[in-house]
Structure formats: C-alpha cells, structure tokens
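Consider the two complexes below, in which subunit A is the common component and subunit B and subunit C are the respective partners.
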Partner chain A sequence: MSGGAGGSGGAGAGPDNPPVVVLISADPRTSHRANEAMRIGLGITAGDNEVCFVLTGPAAHLLDGDTDDLVDGDDIAKFRATVKELGVPFRVEKTAIPDDPDWNAEGHEVIAVTRERIAELVRQGRRFLVF
Partner chain B sequence: MLLSTGLEHPNLETAVGLSEAALARGADLYLYLIDDGVRALDDPRVRALAGRGARLFVCAYGCQKRRIPLEDADTVTYCGLVVLTDLINGTDRFIALN
Partner chain C sequence: MAVVLHLLKSADATFPREVIEQQQGAGDRVTVAVLPGVGAAAFPPGVTVRRLSSDLSYDALLELIFESDQVITW
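Let's turn to the complex of A and B:
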C-alpha cells in the first residue's frame, strides 16, 4: 500500500490528460451498485482513458478477501482482477480501510488517501461518476 | 447524460427536466441508460425525448441482467460501455445521475 498522494490517475494522467474519476461510496455488502460502478470504470479504462478509482466509506469492502458476502461477489472478484492486470490503483479513503487482515488479500495496488486528497482528485478530474 | 437509477428515484425527474431543457435550447443530447436506469425506458417522457431528437442508448448488459427483452425499435440503441466511453470522450458536457 502506498501512503502517498501521488498523481491523479494512472501512468499517463496529467494536466493535459485529466482522468475520469470514479468515486464509489456504495456498500458492496448491501448494494450491487458498487460492483456496477467498478464495471463501468473498467469499461472506460478499456477505452484508453485514465480512470481514477476512489473508494470511500463502505466501498472499501470492494477489496474484501472473501467476496462471498458481497452482492455480485463473483463479478467483483473478476472485475477487480482485471483492474489489477491493467495496473490501475484503487485510491481508498484512509479511515475507511478495514482492520481485517484479509482485506486486499490479493494485493491490489492501494493508495490510501485523505478526504482532502479526494477533494483534490475530484478537482483534477475531467469527468466524474459518483456512485 | 448518464442515468443509472430507476423509475422510483428522483434522478428521473432531473434527467427528464434537463433533457427537455437541453433539447429546447437546440443542444445535441445523448442519453445513456445503465444499471437500474434501463427501466426508465418504461417512462413515456423518456421515450418522447427520442422523438424530439435525443439519441437514446441503453445498456444491453443491464437489460440482460434484469431480463428485460431488447426491442426492435428505431429510437433505441442497445449497446455496451464502448459507446459510453465515446460519449464521455466526445461530448462537451457530461452529466452522470447515479
């Protein structure tokens, strides 16, 4: 996990190529919308866009080791694996990261961010999808 | 404009209102219904937008998941996230109502 507040998106993001910010706060334990947001973000990533995934509050559970208790858990496991393959990090609200040692067992790149940093990321985005 | 919420959500009123205003001003409007938003096709006001010149796109995956049959209609285009990406990249303004 990185504790830094680095670039706004993936490798190519910058002032001339601001990212699409996908901000997810829906709880994947109770709603399918967290998974749907990740699916949409992944689809946009595949279109050669820089996508910045930001997980706030209960959405951090998208990285739970055990997906059986998540709505559309099989899809979550599939989509986040593809996100990992693409080398796209998840920016996760620092205070929302669960204590569970099984969290992010798959070792996705996670950048812990403060609420202030999330506000900066949103300001730097080109488009926004908030779930 | 992206709409991902269903008929019961107040976003629908916002989407219809903004869409009608945009069309009244002569804007090109692309409305993409996704997730629970695919059910908005059941709202006649959404259907009517197509008659006024809006391009109506509907997530085929979202319909499939909800067992909503795809229509053979000239006014509706069933598609995937590639089209959404094109809209995100190609439009002057993009509004997502989630």
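Let's turn to the complex of A and C:
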C-alpha cells in the first residue's frame, strides 16, 4: 500500500500535491448517490487532479460483478471501467469487502484499507467529496 | 498544524469522530459546525462544537470556512 493518499495519474500525490478524496458510503443497490459520486470523481481526474476513491460500508458494492442489482448499474459498469483504464485504484474498507466470489470480477485494482487508514487518507486530502 | 472545519449535516457522526480523533492526535485545531436538524453528537474533548442558527450565524460560518485549511462536509 502506498504511503500517500494519491490515486489517479498525473504528477503523483505528495505533500505538495495532495489528492481530492472521494469518500463513498452510499449503497449503490438503493441509491443513485454512489454512482454520482464515482461519476463526479471521474470528472475530477480529467483535470490535473489526483483523486483518491475510498469505498466504505455498502459502497463496496460498486465493484459487484453483476450490476443488475445496482441502481444505475449500466452507468456504474461504464464509469468504473474508465477508472480502471486510468489506473486509479479503489481503496475499500477491509471489513466491507463482500464474500461474494463475483465481487470485483473485472479485476479492478483494489487496496484494502482499515478505517484508521481511511482517516489518515482524509487528513492527507486537499479537497473532499463525501457521499 | 492544520485548521480543520467539519460541517456535520448527517446524524451519523461515527466516522467523522474517528477522523477528528486522528486529526487531534496530529495536533490539528478542529471545529465542528453542526447544521440544523442534526441531533446531539459527542466529540472528543478539545473539539469546538458550534450549532448553526443557535450559536453560529451564517456569516460566522463563512468566516470559519475561509479561516480553515480543510473543510469536510459529512
């Protein structure tokens, strides 16, 4: 696991270039907000911004293999594929990772993190989007 | 040492509290502005807690935002 909070490409996160932290806890099975958060975060990566996606609690279902049960499932599949193409990892709360073997079937880069580590990531951020 | 403002608009303050504890441990100066409609929430000693429309005006909130290095809306 990297020491910094950085995620997306560009100059690399560090003390002089802290990332935008997109912290998602909304449940994509019941809410549009999780997809919206990912879409907005993706938009931010289009600039010269480091973006750090953090999924906590039910937001881990954004990486479900089967998107049929997700609100905005088609969009989620599209946006997360773009996130993968950009080489941006998802930091996922360790205890929230589902047991389902189909979870993250597409092989997105996932970094399992503790809540303590998530708190650190927030502290290292420049801007925050909390959904 | 950073000056940090948390805007709390959700009733669940569990995770914000964990973040605040870590910020305090690092020596940050932390203020929590509680927005209307949010019930009582306990924060660690040393955290300044202010309630919007009660002991914090919108003008003062704006000042707090500009004075802070980090603003996190929960």
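In this text, the second predicted complex is superposed on the first by the 120 of 131 C-alpha atoms of A that agree within 3 Å, B and C clash if a C-alpha of one lies under 4 Å from a C-alpha of the other, contacts with A are read in each partner's own complex, and residues count from 1 in each chain.
Assume a residue touches a chain if its C-beta (ideal position, glycine included) is under 8 Å from a C-beta of that chain, and two chains touch if they have at least 3 such contacts.
Computed from a predicted model, the values in this text were never measured in an experiment.
J.: Could you look at A:V20 and tell me whether it touches subunit B, subunit C, both or neither (first, second, both, neither)?
T.: first
J.: Please indicate which partner A:F128 is in contact with in the superposed arrangement: first for subunit B, second for subunit C, both, or neither.
T.: both
J.: In the superposed arrangement, does A:E120 touch subunit B (first), subunit C (second), both or neither?
T.: Touch status of A:E120: second partner only.
J.: Name the contact category of A:A46: first (subunit B only), second (subunit C only), both, or neither.
T.: After superposition on chain A, A:A46 lies in contact with subunit B alone.
J.: Could you figure out whether subunit B or subunit C reaches more residues of subunit A?
T.: More residues of subunit A are touched by B.
J.: Pick one for A:T56: touches subunit B only (first), subunit C only (second), both, or neither.
T.: So A:T56 only meets subunit C here.
J.: Which partner chains sit in contact with A:E36 here, subunit B, subunit C, both or neither? Use first/second/both/neither.
T.: first
J.: Which parts of subunit A are in contact with subunit B and also with subunit C?
T.: 128, 130
J.: Any idea which subunit A residues touch subunit C in the complex?
T.: Against subunit C, the touching part of subunit A is residues 25, 56, 115-116, 118-120, 122-123, 125, 128, 130.
J.: Give the list of subunit C residues in touch with subunit A in this complex.
T.: Touching subunit A from subunit C are residues 15, 18-19, 21-23, 26, 28, 70-74.
J.: Mind listing the subunit A positions that touch subunit B in their complex?
T.: Within the complex, subunit A contacts subunit B at residues 20, 32-33, 36-37, 39-40, 43-44, 46-47, 49, 127-131.
J.: For the complex, give me every residue of subunit B touching subunit A.
T.: Of all residues in subunit B, those touching subunit A are 2, 4, 34-35, 80-82, 84-86, 88-89, 94, 96, 98.
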